[in-house]
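A, B and C label the chains in the order they appear, each numbered from 1.
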Amino acid sequence: MFSSSSSPPWLRTVSLGVGAILASVFAFILFSALAALLRGVEWEFFGAVWSPREEKFGLLPMIYGSLILSFSALALGWVLSLGCCCTLRGLGPRWLAKILLTSLRFMTAIPTVVYGFAAVFLLVPVIRSAFGGSGFSWLAAAVMLALQGVPAMTLTMDGALQSIEEQTSLTAAALGLTPVQHLTWVVLPASKKWLLSSALLGYGRALGDTLLPIMLAGNAPQFAASPLESLRTLTAHIGLTLSTGAGGGERSSLLLAGGLLLVNSMIVSLTARALAGRGPAA
Amino acid sequence: MRKREMSLLLLSRLSALLVLGVLGGLLAFLISRGGPVLGKELFFGDTPPLEALLGLRPVWNGLWPAVAGTLFLLLLTMAFAVLPGIGCGVYLSCFASPREKYWLSLAVDLLAGIPSIVMGLFGFLLIIFLRRTLLPRGSTGMLLAAFCLALLVLPSLIVATRSSLEALPDSLLLAAEALGFSRGQTLRHVLLPAAGQGILGGVMLALGRAAEDTAVIMLTGAVASAGLPGGLTSKFEALPFAIYYTAAQYADRAELDRGYGAALVLLCLSGGLLFLSWRLQRNLERRWKGVR
Amino acid sequence: MVKKLLSAVILLTLFGFSASASPLDPFRGMKGSLDIAGGTAHIPVMKQAAQNIMTFNPDIRITVAGGGSGVGVQQVGEGIAHIGNTGRPLKPEEMEKYGLVTHPFAIDGVAVAVHPSNPVKALTSAQVADIYSGKITDWSEVGGTPGAINVFGREDGSGTRDNFTEKVLGKQTIASSVNVVSSNGAMKTALSRDVRGIGYVGIGYLDDSVAGVTLDGVEPTQENAAKGTYSVVRYLYMNTKGQPEGLTAAFIDYIYSPEGQKIIEEDGYIPLPRK
């Protein structure tokens, strides 16, 4: 609108200040993580065993836990979101779409900790009695993470699909396509990029979430092989381990965990930007 | 009908019903367990409400300290975040040169993606660092938690301000220029008032996020038992932390019931904030874009 | 008659006040805040003491946080808390690094615990060690109803865990599949909800929702812990950076006072006299 020289000076100062603070957050965490990595060469941070008693501080189980948990939650959540989105975009009756939209909007307001709280008393006992195990498991955390991710993913998809639908609706109607055909054969294939970027959004949020894994996943530092086993994510590891003595391998490991999470979120954000930069805007 | 259409139809119906069903079940469960305990007792325990509200008598066995802690925390977070958030949004949409725009919006995007536990970790590292250098007496507490929460919600404030301003029609700007307004005047008297509702909506959204976040305050000063918030640098109780804590360890039935009550209260708080935000932003769109 | 009764009541109240208020007297006129963090076995005692003190004098703020013994050492050492609680003795390097002074105030045993409906009421240390190291995975192997054992442990840095590991597991390594909970309270909650669970808690946390298991023929009670027949025993400590002063000192005095000792007993621990 205006040029930067016409800006009130304080506004410019504030904005650049914000930029500087943001940059320093990144620098601070990345620097700490790097320092921890250099200090802890003998602690084998990328080893497979976490056992502080034997001076083994392997983060691999947590990295594995974070990845499989977020991918499984994403897979489940993304499919659900796609379904919900199709309902919103005309595959379901109007009244259902209306209720669903309101519900999804409401769901974005549900605090994560409330999801976790309800799941501890509803979902965990169900899993325990139905499948055995303690119930605190990969499965419990994945289901709740998926559910938590649905509203944001659906609403993103819906926005994109809506604009593509508007762009193509005349042509589709002229071709005699029913709304279902239009959605299935025209809109969805055309919005691949947006479906992908909503998945990216979901992945970033699932990987970064702390409360659901720490409350539901059981937190055992192992390579869970079945969905009923307990696992520990990097985020939960930070929450659990911040407690231990300063300077030791535990502290360094959690600094490194923070750095890994940050790098991951940066990659996600940059990829999302690159995706959004190309092609027609939604 | 082809196979693909059928399966899509099936999927859509199935997931809509599943999501609605689970949501309904979850709400019914929370309301049925938390509803009956809602009341004076839930907030104030056996302390007379008036004396508790005035802080004359401490509250045991009630949510009031946690509620007060959360409200105080929100206030402080906004004190940190509102000016930089809105200022930065205005700058981005109205004044920034293309290069500044690129870098600043990149920073905002990156910040928006940071997991909140990492922000909490940042706060914790920051206070340790400050103790070794400038503030040997510094400690985790309300101020630090609010600062980290402010960083966490800054992106949503900036984005909301920016998109509210960018949603305004060009005619508004042209009219102001034609009237001979200076840029500062245009901004202050035309653009900001016009986008005000949207910006306010952004503030509500940020409040909602700050109210529900647990991971940040877990690392920066929330504790299980503290009484009413005692000042800027003291540790505090907060609703989301109380819920987290209760889920893991309730001593008896009464404490568990309080947990359900707390979950319901927090849900209402963040639901209310989100609803307000949504209404405000919709009003803005209706007014300037003619979107119904 | 009425007058007599009234004066008796007044006398009684006065007397009652002066008698019960005496351990709290040092707090009169005090102001400020006291932050306590660390060991989770300590929390019930700390909370009750804090409640009594804050009710007596609302100008005082006492915050109680958990986190485990590791947090206790770290936070008091870094000066983030005034009192850091541990369920294990301080390590020499911790004392040296931070200049900590330690105040043991109670004895607590660590009990192996299961769900009350679990038929297994007794185990040997060797069996427990095998369960935690993953060699025994089914209840039928220790005489219970067949079903997988859900093993719960505490986080690294927990004093309860250190004590348990040292005295029961010995050299055995804990299997990585053990579920981790982060406080004594959370352990109790987890076990009370899981009929196939096993875990360990401070004896003070045992009640009708979790059952202590007889270990090597000795029942986990505070009496046996005090007598020394039950061997998995530790002291509970408060730690301060340097000698305590002001509010911190008053709080520690209060814990050692008869009223403090009563709180400790009510929470299921055995009070220790001041050294």
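Everything below uses one rule, namely that a residue touches a chain if its C-beta (ideal position, glycine included) is under 8 Å from a C-beta of that chain, and two chains touch if they have at least 3 such contacts.
Bear in mind the structure is a predicted one, so any value in this text is a computation, not a measurement.
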item	value
Remotest chain, chain A as reference, centres from CA atoms	C
Between A-C and A-B, the pair joined by more C-beta contacts	A-B
Centre distance in Å when chain A and chain C are each reduced to the mean of their C-alpha atoms	38
Centre-of-Cα separation between chain B and chain A, whole angstrom	18
Multi-partner residues of chain B (at least 2 other chains)	248
Contacts with 2+ other chains: residues of chain A	242
Residues of chain C touching at least two other chains	78, 181-182
Residues on chain A engaged by chain C in the complex (per definition of touch)	49-54, 61, 125, 128, 132-136, 218-222, 229-230, 232, 240-246, 250
Chain C-touching residues of chain B, taken from the complex the two chains share	55-58, 60, 127-128, 131, 136-137, 139-140, 223-227, 230-231, 234-236, 248-251
Complex interface listing, chain B residues touching chain A	1-2, 4-5, 8-9, 11-16, 18-20, 22-23, 25-26, 29-30, 83-85, 87-88, 90-97, 100, 103-104, 106-122, 124-126, 129, 151, 154, 158, 173, 183-184, 208, 211-212, 214-215, 218-219, 240, 243-244, 246-248, 259-260, 263, 266-267, 270-271, 273-275, 278
Chain B contact footprint on chain A (complex, rising order)	1-4, 6-8, 10-12, 14-15, 17-19, 21-23, 25-26, 28-29, 32, 79-87, 91-92, 96, 99-100, 103-118, 120-122, 147, 150, 180-181, 183-184, 188, 204, 207-211, 215, 235, 238-239, 242, 254-255, 258, 261-262, 265-266, 268-270, 272-273
Contact footprint of chain A on chain C as seen in their complex	67-68, 70-71, 73-74, 77-78, 94, 147-148, 150, 152, 155-157, 165, 173-182, 190, 193-194, 196-197
